[in-house]
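Per-chain numbering from 1; labels A, B and C assigned in written order.
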Amino acid sequence: MSGVTLYALTGAALVGTGFFGLIAARHLLRRVLAFNLIGSGLFVYLGAAGARGGEADPVPQALIITGIVVALSASALAVGLIVALARARGRAMLPEEDVGG
Amino acid sequence: MTALVALLALPLAGALAAVVLPHGAVRGMVPALSVAMLAATAVLVAGLSAQAPTRLKLGQWPPPVGIVLEVDGLAAALIAMTALVMTAAALAALRSEQPAAAGARAAFGFWPLMLLLWAALNAVFVSRDLFNLYVGLELLSLASVGLVAIGGKPEALAAAMRYMLFALVGSLLYLAGVVLVYAAHGTLDIGLLADRTPAKPDALALALMTAGLMAKTALFPFHVWLPPAHGSAPAPASAMLSALVPKASFVILLRLWFEAMPDRAQDGALVLLAVLGTAAVIWGSLRALLQTRLKLVVAYSTVAQIGYLFLVFPLAGGGSAEMPWSAGAWTGVLFLALAHGLAKAAMFLAVGQWMAVTGSDRLDAMRGLATAMPMTSFAFALAAVTLVGLPPSGGFTGKYLLMTSAFAAGQWMWALVLAGGGLLAAAYLYRPLAILFARADAPGPATLPTRGMQAIPLCLAGAAIALGIASETPFELLSIGRPAAAEDGS
Amino acid sequence: MTALLPLLLLLTSLVPAAISFFLAQDSYGLRNALNLGGALLKAGLIVAMLFAVAGGAVYETTIPLAPGLVLLLKIDALALLFVSLSAALWLLTTIYAIAYFGTKPQQSRFFGFFSLCVFATTGIALSGSLISFFIFFELLTLSTWPLVSHKQDAASLRAARSYLLYALPCSTLLLVAIVWLESATGPVLFDETPDLDALDRSSQQAIFALFIVGVGMKAAIVPLHGWLPSAMAAPAPVSALLHAVAVVKAGAFGVVRVVYDVFGVARVTDLGVGMPLAVLASATILWGSIRALQQTEIKKRLAYSTVSQVSCIVLGAALASPYAVIGGLAHLVHQGLMKITLFFCAGIYDERAGVRDIAGLDGLGWRMPWTSACFSLGALGMIGLPPLAGFVTKIYLGIGALQAEAAWVLAVLGASTLLNAAYFLPLLARLWFREAAPDARGDERVPALVVPAVVAALAALGAGLLAASPLSPLGWATLITEREYLR
């Protein structure tokens, strides 16, 4: 197995795990983590895509760095919202999903 | 060229300045900034010519390494509409006490978020690089979520959180598509992608990106986040969110389906998009009929109106692309988008003024307000005329162009969607209008907004009407740089 | 300069409308001057054009909209017939309305929308293309709503809602018809009948039916007439506007345009849709009369009478023989003059004597002689008593029916005359031959209410007496028919 394939498979596994978390978790923090997993998986795959033809391609690296910054800001905002919501409601879940708990 | 740079840099700089400057200085800066933006927009639109669309290569790097910004008629028209709506919303927010009443933090947060939103919208309209579009879209979503949450009430926070989840799912789906495109073609520039050698993953990538953008555009059945989010934001924020934000992701959809990969537009997929649009029209309208809060009526109406936009896909894409009717469908849909933006912003600003007076947005609290606040009510009525698609309004022009092309294409069912949707809109907008116009039981409210304040929504609604009366100029503007797939085939 | 004339005609109503909205309630002088000035200016412009158009002049203005949407304004003989009717009646109604409203509240809104309605009606008359017709037709729908609901009480709002409930679905069908047609033919201009052969026969028939539903609603063709009687909740000047100046007239005018300028007589005959329309119009004539007979309120009886009378215009258009066309077009004016007289009088009875029900008319004739004389003149004209205006149209329609080989129409006309007599004569008998109730009141101390009624009644009388003159409504209708439809 070549390095590139390994990268691609790792990316796919991360996306899959994140996807599972997204569906299974109701706690908002877990969901945000799941998003980050999916995002990381995609970036790993993008990195692998950049290695085509053996020559190093700088574009994916630039994209990944930008993407990480974007994902970080999104996560920060999401976590901030979760904290505010948890303070207001007492629980870190959306009202319509907060059942039996 | 300078105008384009100003349109992107001014709001960004303004947003940063709004964070550090004292509150009074911000209030002084915002009108000046709006005037500057309007002027830059005018320069941009005036400088646009059919022969040479305004192009800007960032840092003089050519694609695929560099990023290209390009202003065509579609981008210019949306930038102009954004400038109008943003200026009106900013003036309304400056004059109303609402952000301040919601707490110092809300007042502090509103201006940076609003200016970020403006920058993000303009960036999305002019970007021709799929990843740059992703960044713009993310900035847009984050600013929007912030604006929804700004009131700080529990329901607003929950609505913002729900919006955030949809936006994140949408972003990831879109990003996944972008990654696939890059892996297959080694470029993300839309112009280069149009000339690519088609590859296997293209269809999957297009599907992923489309799904993500559908969630962000709030197309049925991904619309559930929209009404509570737009219903709980402060009125000026709702105006921007409802009028402008869904248009940004819709524009990316147009760029994908008509410019980047028109060859992948299978008839089945195009019809599916229009069927979802039809469902949105019906479902959004029926839900709007059932609401007892005016803001939710207006928000569900956005769900319905977004549905119309998706009728463009079977009428101008795929096999229709080379047909004589495609140009009409393309321009018609853009007319609808522009008219909806102006009218919807007018509606939310009007509702905001009534809420400030009555303290509630329940429909039965609005009784008799037409006598007390005739200008605002007239603005709401004019906006309703546009949304129903009655002449003479931009909504009518769009509807006429779309319906004619639907009949010409032999796809008359889409014309019936437009006709029926208009009737449904009349039904759900008639209720608030009749209540406003009824005689008040109690004496009118003591303090009323000034005439200048009432004129703000009236100007927006008037612009939506003017779009129909003077439709030749916008029509020609929208024709500049129209994608080949939507060019008149005859 | 002459290209600006159509625009100028529109502006004489649009400018007063736009300014009226922003006037304070107590600027009576300015508002009245604006509205009267606009009405006078328009009447003057029309008189100035009358002879030129009689000599064959045509004025037109094109305002380009998006491709396919041609806003064409054109003054030809038919346009001038309608626009001079509405301009003359607008002038009278403005005088009447100023007196009627006195110092009642919300006048700026009323006069704003009132002038806007007249603006839309003028636009309908001058429209030279199908799409401009539709634009003004819809504008009329919208600007009528605030007038019908002017009193802002529950009954008015119900009436206004009922109006929209009929109007909006029907106009949606009209739009579908227009779009369907124009997607095959391109923009339709009235001066050249479009070539519909790209569409198959059944599509053409369906489009015709959609057109008739779309414009027939405003002409109150049965079963689309329900909104008209309930709109009686509105103030008297609005009734005059609905029944004589603008709305039902726009509908009838629309039927004429559809039959002659969109489809053309030959195609209507070929498609076999003219006779069904004539039958529908006949049914409306009879049904409206029968319903009028059952009403005990004056205004309701007049409303059903309108339902019946307007379909005489439609009948003329549908029969499509030369005499029928002339009769129908002349009736467009005749009915307007007679009906506005009747509504002015009904409003005076209501305002000055507090009488709304037919039973209250007893003995009012001698108390309010001017009003009652006008009312009688209008009613006798409606019945078709020679030599009044109604008689002239009925004769022409009758001859036209024979030309069209539809002798059964004579029976309809005869029955309708009997029914008209049955529902109008008892009113006249009450006015002149009954004793007044002891507590009855009633005076005519507001000349601004009575004078318009007298002028309208005299005009109706003149239209009948001077029918042979080339500038009478009948003479003008003959000119239109010879010039436009019998080429």
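Quick note on the criterion: a contact is a pair of C-beta atoms (placed from the backbone, for glycine too) under 8 Å apart; a residue touches a chain by one contact, two chains touch by 3 or more.
Bear in mind that the values here come from a model prediction, so they are computed numbers and not experimental data.
A.B. asks: From the Cα centroids, identify the chain that ends up most central relative to all protein Cα atoms.
C.D. replies: Centroid comparison flags B as closest.
A.B. asks: With chain centres defined as mean CA positions, report which chain is farthest from chain B.
C.D. replies: Chain centre farthest from chain B's centre: C.
A.B. asks: Find the geometric centre of each of chain A and chain B from their Cα atoms only, then give the gap between the two centres in Å, rounded to an integer.
C.D. replies: 28
A.B. asks: How many Å are there between the centre of chain A and the centre of chain C, using C-alpha atoms for each centre?
C.D. replies: Comparing mean C-alpha positions, chain C is 69 Å from chain A.
A.B. asks: Could you please state the distance in Å, as a whole number, between where the Cα atoms of chain B are centred and where those of chain C are centred?
C.D. replies: 43
A.B. asks: Could you list, by residue number, the parts of chain C that touch chain B in their complex?
C.D. replies: Touch residues, chain C against chain B: 21, 64-69, 106, 109, 131, 134-135, 138-139, 141-142, 146, 149, 152-154, 157, 160-161, 164, 168-169, 172-173, 175-176, 179-180, 182-184.
A.B. asks: Residue numbers of chain B touching chain C in their complex, please.
C.D. replies: Answer in residue numbers: 325, 328, 331, 335, 371, 374, 378, 385, 388, 390-392, 396-397, 399-401, 403-408, 412, 415-416, 419-420, 422-423, 426, 430, 434, 437-439, 468-472, 475.
A.B. asks: Please name which positions on chain A make contact with chain B in the complex.
C.D. replies: 15, 22, 28, 31-32, 35, 38-39, 42, 45-46, 48-50, 52, 57-60, 63, 66-67, 70, 73-74, 77-78, 81-82, 84-85, 88-89, 94-95
A.B. asks: Which chain B residues qualify as touching chain A in the complex?
C.D. replies: 64-65, 131, 134-135, 138-139, 141-142, 145-146, 149, 152-154, 157-158, 160-162, 164-165, 168-169, 171-172, 175-176, 179, 182-183, 186
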